[in-house]
Amino acid sequence: MSALTKTQLSRPSEQLSNETLLDMYWHMLLSRRTDERAWVLHRQGKIAFHISGMGHEATQVGAAFAINRGVDYVVPYYRDLALVMALGITPRDFMLSLFGKAGEISSKARQMPSHWGSKAHHILSTSSPVATQVPQAAGMAFAIKYQRENGLLDPNDAAQPRLALTCLGEGSTSQGEWHEGMNWAGVHTLPFICIVQNNNYAISVPIEQQMAVSHVAERAIAYGVQGVTVDGTDILAFYDVMRAAVARAYNGEGATLIEAKCYRLTPHSSDDDDRSYRPREEVEEAKRTDAILRYEQHLMGRGILSDALKQDYEQRARQMVDEAQRYAENAPYPEESSLYEDIYA
Amino acid sequence: MPEMTLIDALREAMDEELARDPRVFITGEDVGKRGGVFRATMGLYEKYGEKRIIDSPLAELSIVAIGIGAACAGLLPICEIQFADFIHPAFNQIVNEAAKMYYRSGGTWNVPMTIRAPYGGGIGGGLYHSQSVEAFFTHVPGLKVVIPSTPHDAKGLLKSAVRDPNPVLFFEPKKGYRSIKGEVPAGDYTVPLGKARHAREGSDLSVYAYGMMAHYAVQAAEQVAREDGIQCDVIDLRTLLPVDKESILASFKKTGKALIVYEDNLTMGYGAEIAAILSGEGFEYMDAPIRRLGAPDVPAVPFSHPLQEAFMPNPHKIATAMRDLAAY
Amino acid sequence: MPEMTLIDALREAMDEELARDPRVFITGEDVGKRGGVFRATMGLYEKYGEKRIIDSPLAELSIVAIGIGAACAGLLPICEIQFADFIHPAFNQIVNEAAKMYYRSGGTWNVPMTIRAPYGGGIGGGLYHSQSVEAFFTHVPGLKVVIPSTPHDAKGLLKSAVRDPNPVLFFEPKKGYRSIKGEVPAGDYTVPLGKARHAREGSDLSVYAYGMMAHYAVQAAEQVAREDGIQCDVIDLRTLLPVDKESILASFKKTGKALIVYEDNLTMGYGAEIAAILSGEGFEYMDAPIRRLGAPDVPAVPFSHPLQEAFMPNPHKIATAMRDLAAY
Amino acid sequence: MSALTKTQLSRPSEQLSNETLLDMYWHMLLSRRTDERAWVLHRQGKIAFHISGMGHEATQVGAAFAINRGVDYVVPYYRDLALVMALGITPRDFMLSLFGKAGEISSKARQMPSHWGSKAHHILSTSSPVATQVPQAAGMAFAIKYQRENGLLDPNDAAQPRLALTCLGEGSTSQGEWHEGMNWAGVHTLPFICIVQNNNYAISVPIEQQMAVSHVAERAIAYGVQGVTVDGTDILAFYDVMRAAVARAYNGEGATLIEAKCYRLTPHSSDDDDRSYRPREEVEEAKRTDAILRYEQHLMGRGILSDALKQDYEQRARQMVDEAQRYAENAPYPEESSLYEDIYA
C-alpha cells in the first residue's frame, strides 16, 4: 500500500520559523502542565473527573499548527486538550469546566469536562458517544464544498474555513458512525481530515480485539481516501503528514485519514485503573520516550531551546495554571435558572 | 386558490424554499434523478441541479449527521428519510446530537435542519413501511415534531420548519399524499410551529388527532353529527412537540370529554401525553374517562390486508368511540 | 440472609447463570479483564474465561446484533451497554429487529437476549452519562423492560431476564449500585417479570416509581408519614413493559390519588402512560389530578453540581409533592 | 490486491455431477418463472407488490449449492428469491406471501413479500431495513464458533450449521450496520460469508455516489477478511469462489466477502420506474447476456442439457407455478385473531 509507506518528499516542518517551533513547544508544555494539574486536583478531591491527553500532545499540537487555526473547522474528541488549547482554549476555560463553574465557555458547565466546543474558535460542540462527530465533521466539510460550488464562498478566502478536521481513537473506528462519515468524505471528495489517535487501547480493550488490521490507515482504502500512518509522538513528522493532508483538502483533492500512533500515559480517565489490562513496563517505556522530552531534545540540539528559556516557559505555564485554578475555584456556580436556558434556539 | 394534493404542496414548499435561499439543499436516498420514491422531490433535481439535490449513500445516520454538520456550518438542510421506519439507524444522531447541540453548546451552535419522513400505515407496507415513529421523538426536548394533515398546512409548516433554527422532524402521512386534497395559497406563507388547528367546532367532546387520523376524525365527527347529533370539537395537533397545551386544554374545558386518536401502538403513544396533561391540568373539567383509540400493541402493521385493516383506526372505529364516549 | 449491594447482587445473578447454563455468555465493552467500568462483571473473566466473557469492539449496534444472531442460533447472550446513553446507536437493532423478530417470523424465531445498561442521573455524569432511556423502549411491543430497585429484585429479575425467551432490556439505576443495600437470598431464585412490587402500604395516595426513584419514594413516604401522618401506597413498578395494569389500578382504587415519580424528562416519560391508564381505566376512582413529578424538559442532566441537583427529583421534592397531593 | 485477482487454482465446479449441474439449472429456471409470474400478477392487479431477483439467479443458486443447504444458516435479503428457493422455499410459499394469505410460512403473512424466513430451513427471518441482517448473521457465525469452543457442538458434525451466509446489495454496504458486522467477522475469525450482490444501483443511485472504490471487495481489507470479486452471472465461476469461502469457513480460517457483479433485469420493485436513471441500452445489454441463457448454452455445449429436457423443465416449472398461484388465490386470508399472536414467546 504505497500510501502508507511512501517517503515524505517535502518536509514542510523544515520551513517553520524558530518562533513557531517554540510556540508549538509552548503549547505542548502548557497542555501537559494543565493536564497534570487536573490530576492533582482530582487526587485532592477538588474535582470529580478528569480525562487526560498526556502522550497525545505531539499529534494534537502538530495538527493545530498545520491548519488555519481558529478558522478551519475542528471537531475534536475528549482526549484533545492540547489540540483545543493550541486553538485558543485557555487553562482558565478548562479549569472552569473541571469545576463546573459559571462562565464555562463550551457548555455553560452543562457538559462534563473535556467536551470541547467553542463557536468563536470554530470548534464544534462535542458529545460523549464516540464517533458521532465524524459524519458531522464530514457535514461541515460538505458545507464548505457546497458553499464554494454554489458561489457562497470564495475557495481562496483564507478568512473562511477551508477544511474540517476531526479526531477520534482507534477503538472508535469500530462504530458505524465512523464508516458512514468516512464514506461521505470519499464519495464527495471532501476537504476533510480524520486523525485516528491510535493508542492501542479503547479503555481496556486492545486493538486486536477491536479490528483485524495492523494499521488503522489501511481502512482508508475502503473509502477511496488517502491513508497514512505516522508516529504521533514525533511532532514534526506528524506536522509534515498533516501539511500534505491540509494541502489536499485546500486544493479540493479530497480527504485524508491519518493514523497517529500515540500512547496514553495515564489510565483512560480518573475513573479508570489500567493495571488489570496494561503491563507496567509498557507504560514506563512510553514515559521514557515521551513526546515532549523528545521534542525538547530536538529543539535543544538545534539550539532553538535553551535551559533558561525552558525554565521561563515552565514558570509561565505554572503561573497560568495557578491563576486558572484560583479563578475557577473562586468562580460561582451557574445560576439554577440557567438549567432552563438554550433548549430551543 | 388552487386545489392541490398533500405531496404537491410539500413539493411546492421545497421548491419555493430552494428558490428563496441558496443555503437550502436536499439530501436523501433517491431524491435526485428519481425524484424520491414518493416523487416528493420530483423535478427539483432538474431545476436546481445535482449540487443542491443530492442523492445520499444508503445510510440514514449519515444523512442526518451530514445535515447536522452542514447546518452548523451555515446551511439549511432538508434531509429525507425514505420511510419513517428507516429513521431508527439515525436515532443516535437525532436524539443525542441534533436535539442536544444547542443546549450542550451553551446556546451557541444551533442546528437549523429539517428531517422529512413519510410515515403511517394502511398502504400495504407491512411491518417496515408503515410505522408511526413520532412518539419516540416527542420525548426529546430540543426537537420539534410536526405532522401536517392538510395541503395548506403541509406547505406552510414545511416552510416554517426549513426556516426554524432548530432541528425539526417533519412526518408526512403518506397514505394521504395523493388522497388528501385541499386549497393551497400560491406563493409564500408560513404556518407557525407549535399551534394546533381547530379542525371542527363542537361542544360534546374533544377529539385530538394528527396526520391521517385528523382527517378520519373529521370524517367521523361529521358522521356522528349527522347521524346522532353529537358535536365533536376536533383538534388537529399539527405540532406534537413543543406540545400546544393551551389549545389542548381550551377544548377540554369546553367539553369535559376527550378522545385521542392515533395510529401508533397504544401504549406510550403520543396519546399518553395528552391523557396525562388532561388528567393532570384538566382534572377539574373531567366528565368522563380519557379515551385513547390507538393501534393495538402488536409489533407493527401487518401486510395481509384484513390484518392491516384490523390494525388501523379508521373513521368507522373512530365514530364508534365517539358515540361511546358521548354516551358516558 | 447476606446483605449485598445492588451491583453485587447483579454480579451474583450473572455468575450463577453462567455456571448454570453454558449457553449464557456476556459481551460488551470492557466486560472482560476490566470487569466492566462499574465492575459489574468483575471476576467473571477470570472464572469463565475469554470464550464466555467477551470484550466487544466499541460498537453498540453490533453488540446487540451479535446478541440477536447468537440468540437465534441457540445461545443466551447478556449484552452490556456501558451507559444507557450509548444505547441509541443500537436503537434500530432493538426496535426494528429484536422486538419484531418473533412476530415477523410467525412465532418461530425468538430472541432470548438480555441487554443490561446502567442508567440515571445524580452521579456527575453530565448530559451523556446520566440519561434515562426507558420511555423509548416501553413504547415497543415485543420488548420487555425491567428496572430493579433492590438487590433482592436485581438478582431475581436478572435471572428471569436471562431465562426469558424474549429480548429484555434491563436498566440498572447506577446511582444505587453501591449505595443501595439489602438482603439477598443465597443461591437460585427468580422474581417474575411483569409484576410490580408493593413497596409500602398506605391508603392516602398511590405513588408509582421505579429504580432510584422507588427508593426515594419510600424515603419520602416514611417522612410524610412521620411528619404529616400521610400514608402513601408505594408501588415499585419493577417491570415497565409489559405494563402491570392490575397492580397499578389496584392501588389507585384504594387511594384515588396518584403521584408518579420518574427522573426522566417529564413529557412523554413513562409517567404519561401511567397517567393515561389511570385516567382511562381508573376514572371512577379519581379523587384528584394525576400528578407527575419528573425531571424538567431540558435536554439532559447537566454536569455542574447545582444544576444537576435542580434537575433531579429527590426525596425532598417527592415529599413536597406528596403533601401537596394529599391536601388536594 | 492479490486476493482480488488471484487465479482460481482449483475449480470445484468441475467435480459437480451432471445431475447437480442440472439441479442448479432447474432452480435458476424455477425461480425465474416464479418471478416472472409475480410480475404478471402485478400487471393484472392481483397483487400489490413484487420485488424481483431476475438477473441475480446465478449468484444465488451458486451460493445455495456451495453450502450445506438447509443446515448452514442463511440470512438473505429481499432480492434472494432464487437463493431461498434453492434452499427449499416453494413457489407456493412465495405465492401465499404475494397474496398475503393464511399458511404463509415466513411470517403468517405479516411481512411484505420477499421478506424471507424459515426456521425449518435455517433461514433467519429478515426485515426491510437494509444491512441489519449482516451483524445478525455474524452473530449466528459467532454462535457456531462459541458452541464449538465451549464443547456444545462437534466442529465436524455436518448435521449442524457450520457457517452463516448473508447477502445484501452494494448500496447497503454504506450502512454502519454492515461495517460493524464485517468487523466482528474479521476480529473473531468467524465462519461467515457475506455476498454483496453488486448490481450497480441502489434503486436509482449508482455505485459512484455510494462509494469511492471500484470494487466492493476492496472493502474486505478494512476488516482483515478475504475479499474477492467475481462475475455473478456465471454460476460456475461463482460456485468456485463460494466453495473456497465455504472451505475457509468450515476450516475455521475466517470470513470471506464475495462481491458478485450482477445486474437487475427489472426496475427495483413493482413500485419503481427505472427509466429516469438507467439507460435502456444498458438494460437490453444485460438481458442479452442473461445468466440463465449463458448457463443453458454451457450445459448444452457439454451435452448435459438437451432441448427436450429443457422443455420438460419448462413444463414442470409452469405446472408448479400455476398450481402455486391457484392455491394461493384460493387460500383464505389469515384469521383476524392472528393479529394478536406471537408478540411474546
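Per-chain residue numbering starts at 1, and chain names A, B, C and D are given in the order in which the chains are listed.
Keep in mind that, in the parts below, a contact is a pair of C-beta atoms (placed from the backbone, for glycine too) under 8 Å apart; a residue touches a chain by one contact, two chains touch by 3 or more.
In this text, all values refer to a predicted model and were calculated from it rather than measured experimentally.
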item: Interface with more contacting C-beta pairs, comparing A-C to A-B; value: A-B
item: Farthest chain (mean CA position) relative to chain B; value: A
item: Intercentroid distance (Cα basis), chain C paired with chain B, Å; value: 31
item: Averaged-CA centre spacing for the pair chain C and chain A, given as whole angstrom; value: 37
item: Gap in Å, rounded to a whole number, between the CA centres of chain D and chain A; value: 45
item: Mean-CA-position distance for chain B and chain A (Å); value: 41
item: In chain B, residues with contacts to at least two other chains; value: 57, 59, 61-62, 85, 88-89, 92, 96, 100, 103-104, 127-128, 141-142, 297-299
item: Of all residues in chain A, the ones touching two or more other chains; value: 104, 107-108, 110-111, 115, 127, 129, 174-177, 180, 183, 187, 209-211, 343
item: Chain C residues touching chain B - in the complex, by the definition given at the top; value: 61, 85, 88-89, 91-92, 95-96, 99-100, 103-104, 127-128, 135-136, 138-142, 241, 243, 265, 267-273, 275-276, 278-281, 283-284, 286, 288-292, 297-300
item: Chain D-touching residues of chain A, taken from the complex the two chains share; value: 174-180, 183, 186-187, 189, 208-213, 218-219, 221-225
item: Chain B partner contacts - residues on chain D that touch it in the complex; value: 48-49, 100-101, 104, 107-113, 115, 127-130, 171-172, 174-177, 202-205, 209-211, 271-272, 276-277, 333-334, 336, 338-340, 343
item: Chain C-facing residues of chain D, complex; value: 73, 75, 104-108, 110-111, 115, 117-119, 124-125, 127, 129, 132, 134-144, 146-147, 149-152, 161, 164, 176-177, 180-181, 183-184, 187, 341-345
item: Residues of chain B touching chain A in the complex; value: 22-23, 25, 51-52, 57, 59, 61-62, 65-75, 89, 92-93, 96-97, 100-110, 112, 141-142, 144, 165-166, 242
